[in-house]
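There are two complexes below, and they share subunit A, which is joined by subunit B in the first and by subunit C in the second.
Entry: the complex of A and B
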């Protein structure tokens, strides 16, 4: 936690109300997000109990499994869930624009520019909290490998139509949610705690009711009082006033209300199903309302300047998945292979660096945090001295001296960057600090191609500038090998079965000790798998 | 998440070569043990049928010397070789050492196209060729660069051999990007130092053999468990006062010893102690190799002003009391100068605060000549691989209200406690043992991931209980 967010939390605790951590909204918020509030059954891995879902705040769809251990009912529930979610997830498939994109021509190997389709929008899925995101992932994993009667006419227990497809979409959304700053699937607690600091710990912020209590306490209560009430307040019957935001339920609810009602349903008591529905709705409704209240609060913040640019990457992700489904590719594999895992990690690290840089550039409050940490500084230009590089074609390398009260962690030759108008950027290197509060930079680019700098590209005396030590758009790494070229250090190319790919493969020695090793790659031979995976198929895969 | 140090014995017995060629470290003198290990490593590197050879090297055990020697011997066989290091500083250092060892050997330094991409000192060597394009260097017997730069190189015909330096600090995904460049490789590194890390969560791949956030050696060995593994048994850097502690605390299953004995090195001061805690802790460290300057227990911000001030004062004491060192390398004593002293911290802002405090002391007339601002002040990550006579360490847990995984990381403490040839002085708030007891390791256990041992909790306790005997309380 940075010093400033620690301070904001202390101020919030003192004031009894959350403090802003941002002046703009740093995440995309769809005009019509689909809110999904799921509940799961205690003691049963991934058995849904019910859900409220929909894009209309006033009319959510209530789905309930009256006997969660009955698998027929579970699949009926998932089929209905597909009926609610898929129309939303597929609502933006055909509204496309065209983008130029570099692709490698498979025949010539050269980079060519192609016109690629890009969906204009990507539907958003909001869940109440982090475990909700995990639950979406779990649902995706449990559904995407199922076969429908159409896929396999001989299947003994065919899945309802469209359920495997929903599994693939939820897997895609769940995987995308791991990319920092992505907004296809996101939780309300994460959105709110990004923008407000409460007077409680980050762990406590994961309770949506308590988090909202700090941000928007009811009349007459402080944040701390309201949060305590949200966490522990119970009615005369011993039930929580603010039920947990799921997917787990409160044990008191399970024991006192739900279990007897399910038992009556099992006994075939008339009206018992309706009773279970009412009970589950009573647990879901407050969370449903809370998520929408969160949406209202977030709408009160103007969207950050670079949010749309980041959301475009979500749209690419959505479009890519659409194309894979349409081209008949199989569902996402259970485990990533070595190359895919490395590529995903690299992409996420780049996304993280981009997100941190863009949030700071979009928001002076976030930039203040970086300035306090010595990663950026703001100052007034006190002197500009023109200078040129040596060499055949001298280029402008003006020296700019700033006065600042910030204390950046700069060493000689250190690079700094600033944003200019119209998305342009300029870099400079740190030359010297002349005593406290004054430092000199040498501008190194962003001044055009001629000997005289382009107008407006060199700051003038009196200008206030903000420079960052971090890059504004971090570059990606080089390409990784193709999956079929996975090297011997990483087990060689994966075989067809995804499980075998992660089993250690013994590489036989080269037949050529000491002599010259030719350029031919030695043939990899796989010994039969010596060790099984610790967790080859888990209960979640079969659900 | 690098591989844990392997139990003693397996390191020398696992290779296909005859185990009898690996002399027992306990039987011979340090020099003999080290020479025997080096011969065995070079034999496997040159003649083994395996595609890889792994060498574990404790701090200061002559890893760079080994890399230079292996590179020269491999180059002498006429087979071109690439060397993959992790940072530009390491690459420049290696190229310089190679050129010093063999001025005739053409060495390529592949570099980036940024301004000042390599140490200009390399231009002094006639046989060193520098270029940003591999095509210019392709015919040279040895080409050295960083893993990041190598990953951009595309080749149809892989090099027959490679040396991967600091392989435990290299991430698995970085090895994936470069492994297509070579047929066989020698992997050299220190398993006890800081593990590679990722800025984003990588839990979803935990337990996979090719977890991209794990160390390169972990992935290599889980896919190729039969590779010959060696270790260097003698630390030439650490004095006899430090090697047993560092070995026991951080390498319990792969012990090593110091190359020098108790009387081989000395650190003395021309100016007597003035009796202050700062001078007393410096004297304690000079006499015993370790010193702990213990500040009163208190929860503080990271840049604890009092602790930072104490660190700066210790450095001033070291540099203004006319320190002199003697060691096994020469008979004459050498003055303890600013370039032989370093300050290690956990965080960058702490390093910046110490630098500012030293600059303030340097502005004082009495100490203006001591070169206080020339002292290297950096984080553990950046001090990795470097060596000094005396180090001053701001303890990672000093003044903290909690003990997070970052601050408990075994490698962080190991780096900070193993950079010195003579003495190490730790500055710390009291109460860290109690803090450790309140924060046992609570990292989730991941299926399929080998548990790293010792954990940071254990190692921190071991170091602190040793330091307790060398503690001097701080009074203003």
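Entry: the complex of A and C
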């Protein structure tokens, strides 16, 4: 934790309510996000218990599985979930704009500019907390390899029609959620804790009720009191006043209320299904309201300047998935091949660096944190001395001296950057520090092509400037080889035999995650024909 | 880890007193508790209460800060049914999974010995387990077995599987009885700790936190096995076998988990555990942790043993909510997270930090404004104070930059 955010937490602890960590909203928030509050059955992998979902705060759709171990009921639940989610996820498929994009021509190998379709919007999915994001991924994984009766007339337990497609969308959203700063699928706890510092630890911030209690405590309570009530307060029957934000349920709820009701349902007692529904809704409703309260709080912050640019990348991701589905590609593989995995990691690292840089540029409070860390500095121009580069065509290289109270970690020749009007950028190199609080920079670009700098590009005496030691749009590392050229150190090129495409099926024991990943890689990604095998299903499976 | 008879008996008596008298039975210290204890070895309160076998859940309830732990009966039923399924065929499936993971040849069906380990009480079960692990020493009195070399030479040379054996481990002066899910004895006489868990292994990977917890637990069992072996030379394999449901099915799959690191860590931390005698000696005479006592008495009793609270405790210790309340009341900076101490130098309380940052008195009255009133003072202090008080001057700079940025954003 940085010193500044530690200080913010302590201020919050002393003041009894959360303190700002940002002055603008650093994440895209859709006008009509779809909120999904899922619940799962304890001890089971991906056996949903129920969900509230919808874009209308006043009218969520309640989905309940009265007996989570019943396969048919689970299918019915997933089919209904597809009925609620897919119209939202597919709502922006056809509204496109055209973007110029450089592509390598496969025949000539030259870079050519093409007009590519880009969806104007990308629908957003909000869940209450981090485990909710993981659960969406898990649901996606559990559905995308299923076969419908149409895919495979012989399937023993065919999935309802649109379920595998929903699985692919949820996988796409879940995968995108791992990219720092992305907003297709995101959790309310992550959104809120990015923008507010509470007087509790980051671990405790993962409790949505407690987090909201700090940010917006009810009348007459401090944040700490309200958070404690949200965490531990129980009614006379021993039930939590603020049920957990899922997907896990409270054991006391399972044991005292849900299990007896499910038993009555199993026994065929009249009205038991309605009883289970009411119980599940009682656990979901408070979280549903909490997520929307979080949405209200976030809307109170103005959107950061560069949020739209980052969201455009989400729109590319959405458009890319749309295109893959439309071109009939098979579902995402179980495991990425070595090259894809490396590319994903590199993209996430780059996204992280970009996010950090852009947040600082958008928000003086975040920039203050970087200034404290010596990664940026702000100062007043006290002197500008014109100078030119040596060489045939002298270019302007003015020397700018600033007075600052910040302490950047600069050594001679160190590069610094600043943002100018209309998205332009300027770089400079550090020349010298003259005693405490004064330093001189040599501007190196952003002044036009002629010998005299373009007007307004060289700062004047008295200007206040903010320079950063980090790049504003960090570039990625060197390119990665094509999948066909995977080096032997990473398992070599994937074999094209269909046998390799099969699931590491009935073989007991798991491949050692260390070395064999490459050879285990299913190849259905490029070979168009065989669909990846569905997960094995046996009659005695609970799931 | 050796104690003279006298000191052991005295300690046992003392711990019984702390528990509330000889009639209050101690709560067994299981591997999960041990693994969690090793995660926070500096906490004397936890060491003493666990060592004495105090029912911490009841104690927390009596203190008015009950632990939110519990297990859903759904999870319980699922865990049991999975374990039963794995063991259903007399161990053949388990041994097959183990062989697939180690590359050994699985035995013929029915060639796995499953000894009966049932007995009255933990001591009896421990003796039965020991007899099954050391067939050669079985005829003698197991606890007094002489340290002979090559203990496995009397082995049958076949596979055997010990379901729910019982192992004894001496922890900070008291004996903990541990019950692994299973121990497999290989034909070469070496042993593999088997952990059966009901979380899934999905596409070859599982929840890292859960695998880590299972590995720490297995490491404790491995240590207990080492202790059981005469001379401490136990042929425990470096990889424990983790058995979990595969993907979304109820079919078992298994994975060898290297526990060398966890074993070394746990061994070191157990050895480092402040000895119970020392801790117990510092507790005032007459202190009792019997949950039936009034809350006021209990509170001061608990207060007499120092704790090392960190937010991580909330997920593992029953007393955590009580400790958190005390830590917050004292304004301890650790209540905001362990990592927060790093940059704060010698400051230990939130009040002191805010005071040093120049935010103290204002925040006390709750009318702190972000105005630039104190900035000039800070700036002057900055240069001079730096060398004498680096943490303090960093805090003042942080507070100044923060309030400037907030002020800027407001206009």
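Assorted remarks:
The rule is short, and it goes like this: the second predicted complex is superposed on the first by the 495 of 543 C-alpha atoms of A that agree within 3 Å, B and C clash if a C-alpha of one lies under 4 Å from a C-alpha of the other, contacts with A are read in each partner's own complex, and residues count from 1 in each chain.
Convention: contacts are C-beta pairs under 8 Å (C-beta built on N, C-alpha and C of every residue); 3 or more make two chains touch, one makes a residue touch a chain.
In this text the structure is predicted, and so the values were computed from the model without any measurement.
In the superposition on chain A, A:44 contacts subunit C only, with no contact to subunit B.
Looking at the shared chain after the overlay, A:488 reaches subunit B, while subunit C stays out of its contact range. Once the two complexes are laid over each other on the shared chain, residue contacts for A:204 go to subunit C alone; subunit B is not touched.
By the touch criterion defined above, A:1 reaches subunit C but does not reach subunit B. Once the two complexes are overlaid on the shared chain, A:386 sits clear of subunit B and of subunit C alike. In the superposed model, A:353 makes contact with subunit B only, not with subunit C. Look at A:249: by the touch rule set out above, it reaches subunit C but stays clear of subunit B. Judged by the touch definition given at the top, the superposed model places A:149 against neither subunit B nor subunit C.
Judged by the touch definition given at the top, the superposed model places A:409 against subunit B, while subunit C stays out of reach.
Overlap of the subunit B and subunit C contact sets on subunit A: residues 3, 335, 504, 507, 509-511, 513, 535.
Subunit B meets subunit A in the complex at residues 16, 46-52, 79, 115-116, 148, 151-152, 157-158, 160, 172-173, 175-177, 179-180, 183-184, 198-202, 204-205, 207-213, 216, 219-220, 222-226, 301, 348-349, 352, 356, 447-448.
Within the complex, the subunit C residues that touch subunit A are 65-66, 68-79, 96-97, 100-101, 198-205, 245, 247-251, 253-255, 311-312, 314-315, 321, 328, 331, 333, 335-337, 339-340, 342-344, 350-351, 353-354, 357, 359, 363-364, 366, 368, 379, 382-383, 394-395, 397-399, 401-402, 404-406, 408-409. Considering their complex, residues 3, 178, 180, 335-339, 341-342, 344-346, 348-349, 351-353, 373-374, 407, 409, 413, 429, 444, 477-478, 480-481, 485-492, 502-507, 509-514, 516-517, 519, 521-522, 533-535 of subunit A touch subunit B.
Those residues of subunit A whose C-beta lies close enough to touch subunit C in the complex are 1-4, 6-11, 13-16, 20, 23-24, 41-46, 68, 138, 141-142, 199-204, 224, 231-232, 249-252, 254-255, 259, 334-335, 363-365, 367-369, 371-372, 405, 436, 504, 507-511, 513, 520, 535-538, 540-543.
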